[in-house]
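Pasting the structures here.
Next, two complexes with subunit A in common: one pairs it with subunit B, the other with subunit C.
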Partner chain A sequence: MADMRGKIQQLYALEQLAAGDTPIHRLHPGAKLLVTFVYLVTVVSFDRFQLGRLLPYLIYPVLLMSLSGAPWGLVMRRVALALPFVVLAGLSNLLFDRAPVLVMGSLTVTAGVLSCASVLVRTFLTVLALTLLMAVTPLLELTMALRRIHIPEQLITLLEMTYRYIGALLEEAFSMSTAYHLRHRQTKGLELRHMGSFVGNLLLRSFDRAGRIYSAMKCRGYGRPYRQPTPRPWRWTDVVFTILACGLCLLFRFVDVGLVVGRVIGGLAVC
Partner chain B sequence: MLEVTHLKQVYPDGTCAISDLSFRLEPGQRVALVGANGAGKTSLLLSLMGVLPLAQGQVRVGDTTLSRQTVDEIRSWMGLVFQAPDDQLFMPVVREDVAFGPRNFGKSPAETNEIVDQVLAQLGISHLADKSTTKLSGGEKRMVSIATVLAMEPQVLLFDEPTAFLDPKARRKLIHLLRKLSQTQLIATHDLPFACECCDRVLILSHGSLVADGDPRTLLYDQDQMDAWGIEAIGYAEF
Partner chain C sequence: MFVTPVMMHMADALLSPGVGLSMILVSLFALGYSVYRIRKDHTLTEQKIPVMAVMAAFVFAAQMINFTIPGTGSSGHLCGGMILAAVLGQYPAVLSLSAVLLIQCLFFADGGLLAIGCNVFNMGLCAILVAYPLIYKPIMKRGFSNARAFVASILACEVGLQLGAFCVVLQTLLSGITALPFGAFVALMQPIHLAIGLVEGVITALVVIFIHNTRPELLDTALENKSPTVSAKRVVVILAAAVVVIGGGLSLLASSNPDGLEWSIAGVTGDTELEAQYPAAEAAGSVVNSTAVLPDYAFASDAENPLGTTVSGLVGSAFCVVLAGGAAWVISLTKKKSKAH
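Up next, the complex of A and B:
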């Protein structure tokens, strides 16, 4: 837990990026939310064997990252956090789906390999799109946009609270761990016999801390019947961004761009 | 301005935190609230904000009496600066944290930005606007906590141990700031020299009851009386 302070900083690093001022940051949060939604739906709608069709979907996140100045390293590290869970899920495909779909000499590609790769690529793309949405839109604007499209209030509150309390939990764990190691010869980890009381105390302390944070939020008007501020009007740049980005997602979904490009290049070569 | 009448507050386990407390603050007054640990200072402040329910009694701000129906109105007029800035600052960036209150009270984004810039400039911390709230020093956190409350344009300010975690220089800066603010202020503190320097009236709490109300320069130096209330008077030393 020695680098927990760094973890806390990392947790909020994306939100700090969201406070930036680039053309992407200035876009209407509703536009970014809508584009991300269309992107996610189209990416997950592909058949598990259509791996090649997913590649053009890299264009959107790459463009977004370049235009918003979001650091690649930070974004990729956040995306990488989600991948181990999916790798475990994908591995089961390798084991259980062994029907050959492609034979190249002595190399046989099974359906399991393709579907495993497909799951990984789809997860990578969707988590990347969501991470970028967080990196270019402050949480408050995002939740306002969600309220405007009438997502249930309970879900939005859950999102806001989880986001805030994870930090509180990590901070409490950091101070407890420091106090523990200063009075214990073991410099890393916890002894098993101390684990129970450590975790129990951590939960109680976090619960108290969460209560105090909630009081502070209530004192500043949180939880009152939400008075929606006048929504920022959509500008022509928001409309153009939405039409272009959604149009591209739909184009990649319904047209095999790789095939078309291949035919065009093939046609040119014949000419 | 702020009137508390026969206030009683009981914890869920039946412990009486505050009993039969009455006082009145006039507009623009700066009043210290002093008492030993567990005397009920924080409970009183939370009760005034409607965070802890009142078992009995009345809290009035202007013409409005605190009730379930008026609690939002009361919170728009009265702001509480918490003892630990880490509890008060829950947004990742300073600007977002200061904007939290005004946004909840229905200000437009343009109005909110204007208020945030104005308040940060008033406190001389405009340079912190885009900084992470987790990367601030203790003094900076305290200033930002005050900014988050001032941004709601309250008429009454409540402070819970504002000098806690501050070095002497930051403490001095805070005293200057509190003196400059025109709002009515109720300041719970253990820092008696601070109370003497900053406030023109002191309320002393002991076991949840108001035991004295008067001039801090007289009350806080009375060693026998302060000892009876479980507080160490100014100038007391045991070598």
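Up next, the complex of A and C:
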């Protein structure tokens, strides 16, 4: 039950954040989507041992987070959610990749340690970027951007409607679950033998609700041709943001910025 | 303990761009084909979209309901793909499940944006476009009975999940992120999903029987609908196209990451002669020594190797991060001051 309540809260928390009004929120949704995609592709394009090359990529989400005012707590919870399978993959590297790569006195760092850390950093960066995208862009703006790149209308409408109904059906499931637990000693979950009637009832309620929703939509003109709202044009700030952010991602991909800075620091230390 | 299909949700961090983008193309093709089929068969009436959306939201809500597995003390939850197909038919079900997966990825960090193609393929296409038309539907078309519902649901869920789990193994290994050997990975994933498939199949059957007893017309619509009918030949053609696209993506990957593969083999065999195999390690060490930051470190990598993560690189990267953190702190401070004014 706590899971269900938590999911409802998560859904609304991101929606509230996305409705903010900061320079980042005001950027074109297409620009933010493009930058996030380039960011993800460049981050995952590194080999699993290139931990040092990944670290500069923290710059983008950290700056975006502070400029947009997205809370750290929420973002970290999402990173934690994404970890289970990734941790398994990371730990397997620890076990199977035992070749030594770095010796510091008596301490030997194996390739597995390096790749495990790299997998965790990759997870952190990718989840961070995606969460930030949704924290600064309302879904409806994002779907508008998808329409412009000619993703089939049926898919987009389906996505928008599903997003809208999830909250309602989660509430429905939450009410049913509360009623079940109040009548039943079982506290952890439903008994397997009750799942058929429970989920079946939820499905029938959902179906009936779909009928009512359709009638309500028809009353409000659904199905008649209507003019899509004019998409907002790109401004020079959007172009600058896209060029800067994508340029930074590509720079970090093709130039080992960390190494260059490290050498400079090293040179200064020698002097 | 939770028995959940969390291991089916691929994350961006476990994928290479080649595999991720190839799978996005394959899934987009399958989604486009699904839209084309339901348009062509005139089943995508304006009423169908709200029903598909509500059913997608139903699957999402149903996944939140935990149940206890008798005798184990563990709990699990439903995936729902097969129920969607049983009620909506396969092509609308593919679209609905894809919407669920996209929302899970965007709002709940289940899976990733680059991994969305893999997740749609593993959890949606394997179950709904392969197991449903080839196993569930032929059995159920012979007439409804409780026994048939159980056999069809369990077999279809098992096959769908086994295929999906195997695809997860292939996609992860081909991305070159994990050092887990193929055999060990398969031995880990397949039995877990065999158990999950059994439970999923039992619940699917229970739900299907309940719906049949209360509103049989819902199930009949999907079974009698012409649109879900697909020949095995067509499924094979779709999968063949998928393999071609994936193969193309992977060939790019194979050419870009040979060193990573060598290193993973070295890690598995436990070969300790790596330093001797990489004479340029000394050169890399001398570069680092020349920077005189941490001269006591010894390296087993060369500059061109993916393992050439030098201390200089790490120090420099950390410096960049500190710089970004500092900038963020200054921004926050400025914001607070401007708010105070």
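Assume the second predicted complex is superposed on the first by the 192 of 271 C-alpha atoms of A that agree within 3 Å, B and C clash if a C-alpha of one lies under 4 Å from a C-alpha of the other, contacts with A are read in each partner's own complex, and residues count from 1 in each chain.
Rule of thumb we're sticking to: contacts are C-beta pairs under 8 Å (C-beta built on N, C-alpha and C of every residue); 3 or more make two chains touch, one makes a residue touch a chain.
Quick caveat, the model's predicted, so the values are computed rather than measured.
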**OP:** Kindly classify A:217 by the partners it touches after superposition: subunit B alone (first), subunit C alone (second), both, or neither?
**Re:** both
Subject >> When both partners are placed on the shared chain, which of subunit B and subunit C touches more of subunit A >> reply: C
Original post:
Between subunit B (first) and subunit C (second), which, if any, makes contact with A:246: first, second, both or neither?
Top reply: neither
Original post:
In the superposed arrangement, which partner chain does A:192 touch: subunit B (first), subunit C (second), both, or neither?
Top reply: second
**OP:** Could you say whether A:232 touches subunit B, subunit C, both of them, or neither, answering first, second, both or neither?
**Re:** first
**OP:** Could you look at A:138 and tell me whether it touches subunit B, subunit C, both or neither (first, second, both, neither)?
**Re:** first
**OP:** Please indicate which partner A:209 is in contact with in the superposed arrangement: first for subunit B, second for subunit C, both, or neither.
**Re:** both
Original post:
So, A:16: does it touch subunit B (first), subunit C (second), both, or neither?
Top reply: first
Subject >> Contacts of A:74 with subunit B and subunit C, given as first, second, both or neither >> reply: neither
Original post:
Shared contact residues on subunit A for subunit B and subunit C?
Top reply: 139, 164, 209, 213, 217, 222
Original post:
So in the complex, which bits of subunit A are touching subunit B?
Top reply: 8-9, 12, 15-16, 19, 138-140, 164, 167, 171, 209, 212-213, 215-222, 224, 226-230, 232
Original post:
Taking the complex as given, what residues does subunit C use to touch subunit A?
Top reply: 6-7, 9-17, 20-21, 31-32, 35, 44, 46-47, 49-58, 60-62, 64-70, 75, 78, 83, 87, 95-96, 98-100, 102-103, 105-110, 112-114, 172, 176-181, 184-185, 199, 202-203, 205-207, 209-211, 214-215, 218, 257, 259-260, 263-264, 266-268, 270-272, 274, 288, 290-293, 296-301, 306-307, 309-321, 323-325, 327-329, 331-332, 335
Original post:
Which part of subunit A faces subunit C closely enough to touch in the complex?
Top reply: 3-4, 7, 10-11, 14, 36-37, 40-41, 43-56, 58-59, 62-63, 65-67, 69, 78-79, 81-82, 84-86, 88-89, 92-93, 95-105, 110-112, 114-115, 119-120, 122-123, 125-127, 130-131, 133-134, 139, 152, 154-155, 157-159, 161-166, 168-170, 172-173, 177, 186, 188-204, 206-207, 209-210, 213-214, 217, 222-223, 256-267, 269-270
Original post:
Tell me, which parts of subunit B touch subunit A in their complex?
Top reply: 46, 49, 51, 72, 75-76, 79-80, 82, 84, 86-88, 90-93, 95-96, 99-101, 103-109, 112, 130, 132, 134-135, 148-149, 152
